[in-house]
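The following pair of complexes shares a single chain, subunit A, combined with subunit B in the former and subunit C in the latter.
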Partner chain A sequence: MPNPRRRHLFKVAASAVAATLGATALAACGSSDDSKAESGPVSLTYWTWTPGMDKVVDLWNQGEGKKDKIHVTVKKQASGDSLVTKILTAHKAKKAPDLVQAEYQALPTLVSNGALADISKDVGDAKSKFASGVWQQTTLGTDAVYAVPQDIGPMMFYYRADLFKKYKLTVPTTWEEFAETARKLKKAAPDKDLTTFSANDSGLFAGLAQQAGAKWWTTSGDKWKVAINDTATQKVADFWGGLVKEGVIDNQPMYTPAWNKALDTGKQIAWVSAVWAPGTLTTAAPDTKGKWAMAPLPQWSKSENVTGSWGGSSTAVTTDSAHRSAAAKFAAWLNTDADAVSALAKDSGIYPAATSAQTSGAFTTAPDYFSNQPDFYAKAAEIAKTTAPSAWGPNVNVAYASFNDAFGAAAKNKSDFGAALDTMQEATVADLKKQGFGVSQ
Partner chain B sequence: MSSLAVREAGPAAGADSGTARAPRPRRRIALVPTLTLVLGAVYTLLPVAWVVIASTKSGHELFSTFTFLPGTGFTQNLKDLGAYRDGIYWRWMGNSALYAGLGALLSTGVSALSGFALATYRFRGRESVFNVLLAGVLMPPVILAVPQYLLLAKANVTDSYLSVLLPQILSPYGVYLARIYAAAAVPGDVVEAARMDGAGEWRIFTRIALPMMIPGMVTVFLFQFVAVWNNFLLPYIMLSNDERFPLTLGLYTLLAQGSNQPALYTLVITGAFLAVIPLIALFLVVQRFWSLDLLSGAVKS
Partner chain C sequence: MTSATQRRAYGAERAPYARRSPAPARARTAAAPYAFLVPAAVLFALFFALPIGYAIWLSFRKVHVSGLGLGAGARNEVWAGLENYTDALKDPELLDGALRVLGYGCIVVPLMLGLALLFALMLDTERVRLTSFSRLAIFLPYAVPGVVAALLWGFLYLPDVSPFYYVLDALHLPQPDLLDGGALYGALANIAVWGGTGFNMIVIYTSLRAIPAEVYEAAKLDGATPFQIAVRIKIPMVAPSLVLTFFFSIIATLQVFSEPTTLKPLTNSVNTSWSPLMKVYQDAFGKGDIYAAAAEAVLIALATLVLSFGFLRAANRRNKQEATR
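Presenting the complex of A and B:
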């Protein structure tokens, strides 16, 4: 949704970026072999954390890339916020690689630091290959394109089908039913929990808020507006805080040995997660393979059908690259070419952002762990279509860090989640101001 | 306190010969310190024990069996670790050995040379140089990593073996230790006498001072070796090609593979276990020099 006011802000941001671009371009002309970019062979480096990416890139280097004399070298990195810091540090020295993998929520941070190039002229008709809600994250609401979507993480509800049957529970379609299910289970089996609220996973909470319609970062005029404690997010926080306080769900963090054990032994019988959950469950709960099932995320009202996203990343070209159009060409190929995307699915286990790929050959059979649900990926593709738009800002990392602190304490003490939300809002606004962004109240 | 009194009463009642009485006072004071040390040892060794035991568990057993019950998957874990991306783990191990071994050796050389110079020569600005070094000791290396990266980027040597080795060659703490040690272990008279006999300064250093400083330099080498072996941030910022990664960095990439990938816990744990072995081996081998070091400090007056 191109919001005119937002566009204005980005004009300001874009001109700042353009100034940086100009500076880099000049520097590039002075020091490197820029003139060779168009004719001679081009060598690009690509920072990515995706396992098996070297095999996919080999396809390019043997085929398309060989024809165009564009050679790509993969340099495998560790994922996470620390990679954003590493890219920005390298960018400060004008030594960022040509291509980087970046999570959607990191794009505004990278763009506001002038690290990502606008590749709108070089990606051709890539836009048509993606759902609009996904594509919008790479444009930040402007006419520019800062990345090509690679994988997405539409959220879903996972549950132990056998135990649901045993305790005569039905799969909840609304959050109201979800709460009822949690209570019913607690009554039937007091030592079990439906699930846990993990205060360590800000991405999950952000996805749940996104589903409820929250827009944490928006722009008005040339100012950022932060709405982390808006009514939609408040609703989500109160809902989960209430369940924790009531004692019908657990309050322990996820991704710990104890959590793995709880899933594996059936102490926790459901998990609000995303499309990549089969991979996690394979290592976390190896003994319960084939006993889980996937369903759409519960809704806030019966008439709705939306989901949030948790995870997902894109391929971006940096402003330090001397061969931006070549890099953009590769980024578009990697994430839209049928062979490339099916190799990504096969060798790297990603869930592709490109809509046609979600129903392609690689996704005709369910993941091994879910062999009991043969239509897993058909269902997943349906759910992916309902992903709500997201709104990321330039300091998601600060908001997330604040979430971990404030919600961690609130979940442990079973205290009010609303207050924790206010803390998160204040910390995020304060940091934006400190960074020199204009913030409207 | 009461148990202490009982312990004291025990041997006193049974033993009446003078020779048996001799060790008693030592035992009385040793109880509290011993307990503290045992507690400290448990505190530091428990995580190591966890790593050792967890490395024997298969992915299946890792989270489902009792924490301190050894598993059955050790050889399989080793095989998997060796097979991961064509055995890149062993490359990381080699890189770590290179960074830590060569880095610590060079660093010890520089420390010995500058420590000797600061201890034996009187020159203008000597104290200022030393004070700057002292300030360097107080500076955590972590905050220097980014400036060092920007500097080395100007020199175009980032993402190379050199970029990790160079910043770690000068260790303020090593120079500080070397100076203190040289001042104590190399008597000024000896240096003076060598000069009278016509030895050049380089000869004095290599033939006379250095052998006297060896035990102290072993300490510097050990400190520096451990520091480089465990270093994370500097190589993290400097390197982007994972064929040049040290172990710390390599294991980190195994853990952070993106949200859609299971973390390779068993590989990381087995890898971490193997990564401590060289350190332990090094300590065992060099231990004798180390105790000599402590002794020789006390003998000199």
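Presenting the complex of A and C:
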């Protein structure tokens, strides 16, 4: 090297490169170290969308977690389906966090992608803390356990008590009466609707079908059976399609500024929803606080007493986690420990899946919005017990997208909901077949 | 990388004076242009060629699940050949989306460019006042992000929350549903025109300002009216920028995504595959089938290339013909 300056520059470049490589190598060491250091302190990452979760996790980090040297860090995420996508993408790079929040219907998709670990050996007696219908959703009918239930969304009927009185309506106990109520209201006040059928809310429709006894995905041997257009769901689709066609309920989607206004001004006077409705109503219809009341969901026959569920989620451990048993321990604590669950109820406003928690301290007084109904949570716990079992499959996302499009068009054109249901069935089966799943007819 | 370039560049500069070793110096001089190209080439390869190549690779793959797909290793990526492409071409949703976007583009492009040209010509007339204020006012919507613009207009379109409907109601006038049927195209086009006119106007206006004043003087001496000057002189002279804005607008139209996606939750009329890009998004992130989405994306990119460059070539040929005339 004749030129000293060049030599110097080269050295700078070389050391810069070395530094970068070193950093990468260090990072790599860091991650590989983790997997070996089971005895030392463990650090876990948790992806969740639940508000206030960091406060609940602080309880762990300062209590149980401190004892066991397991530290959990919360990373706030977007909710529902977008988190599923994110988990799957991270899992492709083998970098999914240790713990994730997942809705029940997303579990088969995540399991089928190999993203969720079987934690049956690490969750102890957690099973006994939950209703069997809730727990069954986390096992997918196998011996494995893929998540610990966190919150549930048993469905209920919400209505404007004052307006029901004004229009001399009675609270419907069957769907037949529900239809009659819708007609009666239309006659009394043509500019008002009892409620709307929302083609944007596939989860609501799935819950209604679940109540009617539908089992959309079941397995026999190593084949999936898809029964989205079974008799039970057909009944539900025809019922709502009939009401929309008759013009006695609205056909516009929920969760729009227009819908908020309709609830707030009494243009829509009822809402088929779930136990978390008070939270939504607080923001959507703030002016009508104290005027709403909750009742059990109408039934298909007078003798029945079942409900569906809309929403609810679980805590799962990923296969990318180097500390599966530590993560499972935290997941079990979070959703079964009395202090944790009451903190979840207080700081995050969730309705816990753990049965004993549903009547615990946090749920002795009604939500602020329903101060007129002091026994709100006692009633809710009763209703939660009647939740019908659900049956999710590995491509709920495809079925839901198809629901959006097919029922959106049917609601808009006030056309046959049964045909839309068939479209949904076909799209779901075609997708399973395309991916190579075993599908029985 | 920077220091490597500096080092090479330094060497190239010094080379002519390094008499002792003329041969390697020449080699170094010859290598210099390539050395200068390295950063660009590396960036191009890393952030352009590689991702596109990966997308093309993915488009020939698919996932294959065996049985219930629940155990470990039940899901494998396999070679799909052209399957994703034939599926995409046969998919009515993609074709419907393309037709919808075509209809949308037929409203947006002429209207937006027509308005942009009109505004540019008006700003360029001699007696106009408040030029810079008007220019800014027309341009401002372009600075509003597409999603925000779609939300803003979405609220104005929704009958129950829109102030327009409130006024219509008070005047007992009919209240059309703007988010349904044919009106939806107008509603979406309006958002694009509102947001895009200003930008295109600036492009055209800038090239109008570049026309030498002598041209106008000569035209005036010949007795041309302002209208004639606009039609016979200004418009032909800004034709290249019209071509450019048209080119950009075609690409933007084919890529329409955020406006319909933002309006989707507000209405039953926009489905998950309303535009081709929404279909790509839905397949990739809704259905989790990135392979089909990759094939569709490649097809859309090809269609965009063919359409936009086809237009450019046609425009160039015309220019050449006019030049030889």
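Here is the rule we go by: the second predicted complex is superposed on the first by the 405 of 441 C-alpha atoms of A that agree within 3 Å, B and C clash if a C-alpha of one lies under 4 Å from a C-alpha of the other, contacts with A are read in each partner's own complex, and residues count from 1 in each chain.
The criterion applied here is as follows: a residue touches a chain if its C-beta (ideal position, glycine included) is under 8 Å from a C-beta of that chain, and two chains touch if they have at least 3 such contacts.
Because the structure is a prediction, the values reported are computed rather than measured.
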| Clash or fit: subunit B and subunit C on subunit A? | clash
| request: Tell me which partner A:404 touches in the superposition: subunit B (first), subunit C (second), both or neither. | output: second
| task | Give one of first, second, both or neither to describe whether A:261 is in contact with subunit B, with subunit C, with both, or with none. | result | both
| request: Please work out whether A:142 is in contact with subunit B alone, subunit C alone, both, or neither, and reply first, second, both or neither. | output: second
| message | Quick check for you: in the superposed arrangement, does A:77 touch first (subunit B), second (subunit C), both or neither? | response | first
| query | Does the superposition put A:412 against subunit B (first), subunit C (second), both, or neither? | reply | second
| said: Per the contact definition in the header, classify A:253: touching subunit B only (first), subunit C only (second), both, or neither. | reply: second
| task | With the two complexes superposed on chain A, say which partner A:222 touches: subunit B (first), subunit C (second), both, or neither. | result | second
| field | subunit B versus subunit C as contact partner of A:128, first or second or both or neither | value | neither
| field | From 7-15, 43-51 or 97-105, the subunit B stretch with C-alpha clashes against subunit C | value | 43-51
| remark: Footprint intersection on subunit A (subunit B / subunit C) at 82, 257, 261
| remark: The answer for subunit A against subunit C in the complex is residues 3, 5-6, 9-10, 12-13, 16, 81-82, 85, 88, 108-109, 111-114, 140, 142, 199-200, 219, 222-224, 251-253, 255-258, 261-262, 267, 319, 394-395, 397-398, 401, 404-405, 408-409, 411-412, 431, 435-438
| message | Which stretch or stretches of subunit A touch subunit B in the complex? | response | 45, 47, 49-51, 75-80, 82, 86, 89-90, 92-95, 97, 151, 153, 203, 257, 260-261, 264-265, 274-276, 279-280, 282-284, 286-287, 310-311, 313, 349-351
| request: Can you check the complex and tell me which residues of subunit C touch subunit A? | output: 3-4, 6-7, 10-11, 14, 63-70, 72-75, 155, 158-161, 180, 265-269, 271-273, 282, 285-288
| field | Complex contacts: residues of subunit B adjacent to subunit A | value | 59-60, 62-64, 146, 149-150, 153-154, 158, 236-237, 240-242, 249, 252-253, 255-263, 265
